[in-house]
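Two complexes follow with subunit A in common, the first pairing it with subunit B and the second with subunit C.
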Partner chain A sequence: MRLNKSIIALFLLPAVIIYLAIFLYPTLRTLAMSFYDIPALSSKVAEWKYVGLVNYEDLVHSSYFVGSMKNVLGIWLIGGVLIFAFAFLYAVILTSKVRGVHFWRSLIFLPNTVSAVVLSVVWLQYVFNSSYGLLTSVFNRLGLTALANIQWTDNEHIYFSMIIAFSFGSIGYFMLILNAGINRIPGDYYEAATLEGASPWTKFFRITLPLLRDVFRTTLVLWTITAFNFFVWSATFGLDDPHTVTPAFYMYQKVFGKGGNVYVEEAFNVGSGASVGILITLATLIVSALIGRLFPKERLEY
Partner chain B sequence: MNMKRKAFASVLLSTMLALTVITGCGKSNESEASMSSPSASPSSSPSASASASASASESPASELSGKVVFWSMWSNAEPQAKVIDEAVADFKVANPNVEVEVKYNGRDINKLLKPALESGQQIDIFEQDPGAALSTLKDHVLKLDDLLAQQAIGSDGKTVKDSIIPSLLDWVKSLAVPAGLEDGYYAIPQQPYAVLFFYNKALFAKAGITAVPTSWEEFLADCELLKQAGIEPITFDDAYRDLFIGGYLGSAMGSDWTDSLVKDKTGEMWKDPIVLQFANDMQNLQAKGYFSKKIAGNKYPAGQQDLALGKTAMYLNGTWLPNEIAATAGPDFQWGSFQFPVVPNGNGKGGFQGLSFGAQGLLMNKNGKNVSAAFELVKYLVGKKAQEGMATKALAIPATVDSTWPAPLAEAEVAFQNAKVNMPWGFGIDNGGDFSTGTVIPTFMELATGKLSPDKYVAKMAEQAKKFYSGK
Partner chain C sequence: MNTGTSKTTRGSWLAYIPLYAWLIFSVILFGWVILASLSTTREIFTNSLLGSGIHWSNYTGLFKDQGMGRYFLNSIVYTVVSCVGIVVVAAPAAYIMGRVRFRGSRWVGTMFMSALAIPSILITIPLFSIFVELKLTGSIITLIIVYVCTNVPFGVFFLTGFFSSIPKEFEESASMDGSGPIKTFVSIILPIAQPGIITLSIFNFLGIWNEYFYALIFANDPSTRTLALSLQSIVYGFANTGNYGGIFAACMIVFLPSFIVYMLVSKRIIAGLTVGAVKG
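Right after this comes the complex of A and B.
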């Protein structure tokens, strides 16, 4: 039975209204807010002061904000390489019929079940601590005093320390998606390849990778969104240190204040925070589109 | 089957996690409860409640009725909340017809309060930093001048105004006009704090130091004595790096100068000889090993734990420090404190007269429907008994005059007596916004860890300041 077009519209209406109300309206309002100077999040529209593109100009001229953009690109690139290298490795190992697959998979996924705040405290206060931290103790035990004396959270090291700590917690999530993707590839291909005498490397590069292209593209977009909204780790690792600040955390500082200490007075500009939000959205859209260009959708996939 | 096992494994894992979290919390709650219970019982002694009800019966308070809502900045697990609960209980005994609702918001109050007030929710009394509250909530605050003339509770016939430390009240009053309000009192200060050097008296004694340093020269001499005795002199955490820069420059030049330094668009102010002197002195502290090597990577609260554990002798912080690290330091820790030593060659606007101090405040809603009952409750909250409860249970400085200060802060009283000028947090060094966080503090860390020479520090700061402000 063919449905009348108006009936289709009627059935779609609730979903469309909800979508417009909870997604499109806030986005448009944020876009509008980015052109105003707004003293507090709860300010009435009458208190907004129109400033045009000044918020954006200030951001471009602020070395602190520009630094935060460089930081996030580094996180995206370095963290991405780290995470995908390990996620692929584990996903392939887990699909190669090792014993206790479920146990290992749960173990690798485990950090994802812990709150990021808890994980970062563990890394900061227990792993990287320079007097009794894990790294210091282990290196001391091994007699590697030069390595043991490194302060993992000083100006020079904190950025990479943060990326390592964050990547540790994120590998499991991407591994799970890749793992599911690999499991969907029919075993026949591997059996045929094995009969022909292909090495594990050949099988990975000639069978797994090409057939995973679509899954990989999706995880890459997911990673881009995660990386561009990098927030909690920046907040817990650096407070407002320029070495670890990211646009998302900068946005938070502008909207909710610098925090850290209840005794600091400060001036907010919610409008400036909104313009950071708009820039993050734009960057995510552009990079996602580029990824779509680089990995066009293919019919041959599982 | 497969699915079931997976589900089981995930349930098991999450249960284990939840359990560890819950047991972790449970322990700390238990210890807090057991710590406070013995001290709670003597405070409800008959004499105290008798005096409270006696003073209440003099005023027409007992006729009060209605509902009073109080939003607190503490969370219900903090020791301050227990003191507030007791004050509310005393209030209820004297005013049985008033219904009191206390909401313990914790520091989230800073985000929740304004929307709540603007939506017209009933909040009669709230706690806030007075400076921040007057600037952002000026349409909601009640002028308290008339109410302050009422009799205070438990202060032998003094008015509320006379029962509070005068310098704090003066400070609160001075905030009104700059915020755009009519001159007057809009907040009652409480929980006063000051930024001071805190030190471990046992370690000072071990190094043979008999008096606290007052000048930079004495400070260096004491650092040397500590070092000779094998004790690490100074440490700080990433969260308080600003205090060290601000402390030095504020002590030399006062906070107005520091404020204009970080806002100077030309960068020329950084070429002032005092900045080079600052850089040389910081390099000296680093080169002689007076700074802990760990300052480079200290993540709050790692540095203050070193003080609590007796590894380091001094830490520059607010007077809340002894309470904050009481669990690690233990009851036998001998606390001492002194003001930032006087730096030579200043402009005479710093020194001991300038102290970075402030307080939290109790404020009232202008649109409150039950002002008389609400102020009666405020009187209990700033009454002598509650304020002394804050001193004994939360190691906070009492806001009332003639109250005994908590023992770990006994020496801090000296600084409050010296103080004539209130300097802002960080002595103004944080007033540069993104320039302060993005440039001033990280460049100072390069200097303090020996990666930048004093001359290069001055040159870099001047150049960076010019560059930062050129776009504006």
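Right after this comes the complex of A and C.
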């Protein structure tokens, strides 16, 4: 269709300007800031002091930051295994002729639509509560006092408790994508395989899994982006507990935190916060590229 | 649909176990919270929920003493204004992207796609500095601008497909009737694309209602706070004073609006989500 240039510009410009102002410019500015020592968020460019890679070196030598990186890798790995195991289980079940598929799909996706603050409070104050909580009551009733006495939110357990609670809220989304991916595989393949006498297991491993490769790649990349930017649950569930701090939350504490926490003595500047953002982005890009290598684009079209 | 995992009779019975496990867990979780939100703290701790009848005071107290009505209103303003703003900016751009071939259109498309991959953590520090310079911090408008701007790329991406599937005849007959491009867009194209715009707005509603990160950074003071943020500070205060009934009532106030929306439109949400994700 033809439209004159001024109309195209009028329709397109607001979105383009927003992109330039809100995405491109801040990204480049963050990249620049990561090489400077910047005393405060409101500092003018004239007050910035060029320090090269010093911000990055300091981060690598900060035990608190390294700890936060270990935390985020654990979330990526443990949470990833938990979420994908359950998401795949439910995705397969929901394509196996159960009744009420729409109801079950909506139910499993429901936690994804609930505010992280609400989910955190419900898990912290009910499921994991040590006096009237769900786990404690169930284990007590079963006579498993050792399990009933576990303090799910103490120093030792809060990290794993957080991963479990977070995963519960994320399974639904990945289940939906995997489910749609399985549904997209043409039925003829299975019919042909059945005629050849293939068992359900053979069909699952020889047809379903290989044809899901593209979907696996997409979901793994999505999960990597989510996990590496893990922030909200450190704030709502971990509540500043150092055992749950991730790089993104570390950056928040340092740059935007109102002070008053234990780690403030560590010399810190806004430029260093910017380098945290750059590191997270780089890590996401690298891991996504590796995932692309592991699951190369399917040449087979169907 | 047939998937090859077709089960024997025994298999299909087994398939319901994980489903019912999820159902039971969800019912216990949300059922218990509803009952606890209407009980006293003592009843919660002694496992005798609703022992002395229903206590609506947990809810009324939140509005009377904690100013939750204010935060509720804030969240409604943030959500509604942002949802409208996103469509106003994204729909015309998506219309061009989906229907008009012009020089550089691929480049612009890549640009919007790249924005989807930029993490919010990367843009926050400069954004905050910009708002400080514009003296916009501490105002409701700040967070609305942030929500509109950060959601426009996804809006363009999502709506482009809807616009490109509309037959060209609509514009052709409109221009023969002498209608200008802007009028054609507003009075003919937008109504046809309505299903896509509604689905997009539902996503945006749920996303913004529950949003946490930007709210924490750009609207973290008592007059501009969102409902979800206020929940956190209320819970913190109530845990110290021991008002556990109030904690769960506050959860319900944040949970219910998004739950009601979800109940009404879950089919649409799920269809919209899977269309984009699998193609990607």
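By our rule, the second predicted complex is superposed on the first by the 260 of 302 C-alpha atoms of A that agree within 3 Å, B and C clash if a C-alpha of one lies under 4 Å from a C-alpha of the other, contacts with A are read in each partner's own complex, and residues count from 1 in each chain.
By our rule, contacts are C-beta pairs under 8 Å (C-beta built on N, C-alpha and C of every residue); 3 or more make two chains touch, one makes a residue touch a chain.
Predicted model, so just to flag it, every value in this text is computed and none were measured.
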- Query: Should the superposition on subunit A be reported as showing a clash between subunit B and subunit C, or a fit?
  - Reply: clash
- Message: Let me test your reading of the model: by the given contact rule, A:V215 touches which partner, first (subunit B), second (subunit C), both or neither?
- Response: second
- Message: Going by the contact rule set out at the top, does A:K203 touch subunit B (first), subunit C (second), both, or neither?
- Response: second
- Look at A:L110 in the shared chain and tell me whether it touches subunit B only, subunit C only, both, or neither; answer first, second, both or neither. both
- Query: Looking at the overlay, what does A:F295 touch: subunit B (first), subunit C (second), both, or neither?
  - Reply: neither
- Once the shared chain is lined up, is A:D58 touching subunit B (first), subunit C (second), both, or neither of them? first
- Query: First (subunit B), second (subunit C), both or neither: which does A:F139 touch?
  - Reply: neither
- Message: Can you tell me whether subunit B or subunit C touches more residues on subunit A?
- Response: C
- Task: Report for A:W48: first if it touches subunit B alone, second if subunit C alone, otherwise both or neither.
- Result: neither
- Can you tell which stretch of subunit C collides with subunit B among 25-33, 61-69 or 115-123? 61-69
- Shared subunit A contacts, counted only where both subunit B and subunit C touch the same residue: 41-42, 102, 106, 110, 113-114, 125, 131, 256
- In their complex, what parts of subunit C are in touch with subunit A? 1-7, 11-12, 15-16, 18-19, 22-23, 26, 28-29, 32-33, 36, 44-47, 89-90, 92-93, 95-97, 99-102, 108, 111-112, 114-115, 117-130, 132-133, 148-150, 152-153, 156, 168, 171, 181-182, 185, 206, 209-210, 212-213, 216-217, 228-229, 231-232, 235, 239, 244, 247-248, 251, 254-255, 258-259, 262, 266-267, 269-270, 273-274, 277-278, 280
- Can you check the complex and tell me which residues of subunit A touch subunit C? 1-5, 7-8, 10-12, 14-16, 18-19, 21-23, 25-27, 29-30, 33, 41-42, 89-90, 92-93, 95-98, 102, 104-111, 113-118, 121-122, 125-127, 131-132, 134, 137, 173, 176-177, 179-185, 187, 189-191, 193, 200, 203-204, 207-208, 215, 218, 222, 225, 228-229, 231-232, 235-236, 248, 251-252, 255-256, 270, 273-274, 276-278, 280-281, 284
- Query: For the complex, which residues does subunit B have touching subunit A?
  - Reply: 5-6, 9-10, 13-14, 17, 73, 107, 110-111, 114-115, 118, 129, 131-132, 135-136, 193, 238-239, 293-294, 296-300, 302, 306, 311, 318, 358, 424-426, 430, 433-435, 437-439, 441-442, 445-446, 449, 467-468, 470-472
- Item | Touch list for subunit A against partner subunit B, complex | 39-42, 57-58, 60-65, 67, 102-103, 106, 110, 113-114, 124-125, 128-131, 151-155, 157-158, 237-243, 245, 256-258, 260-267
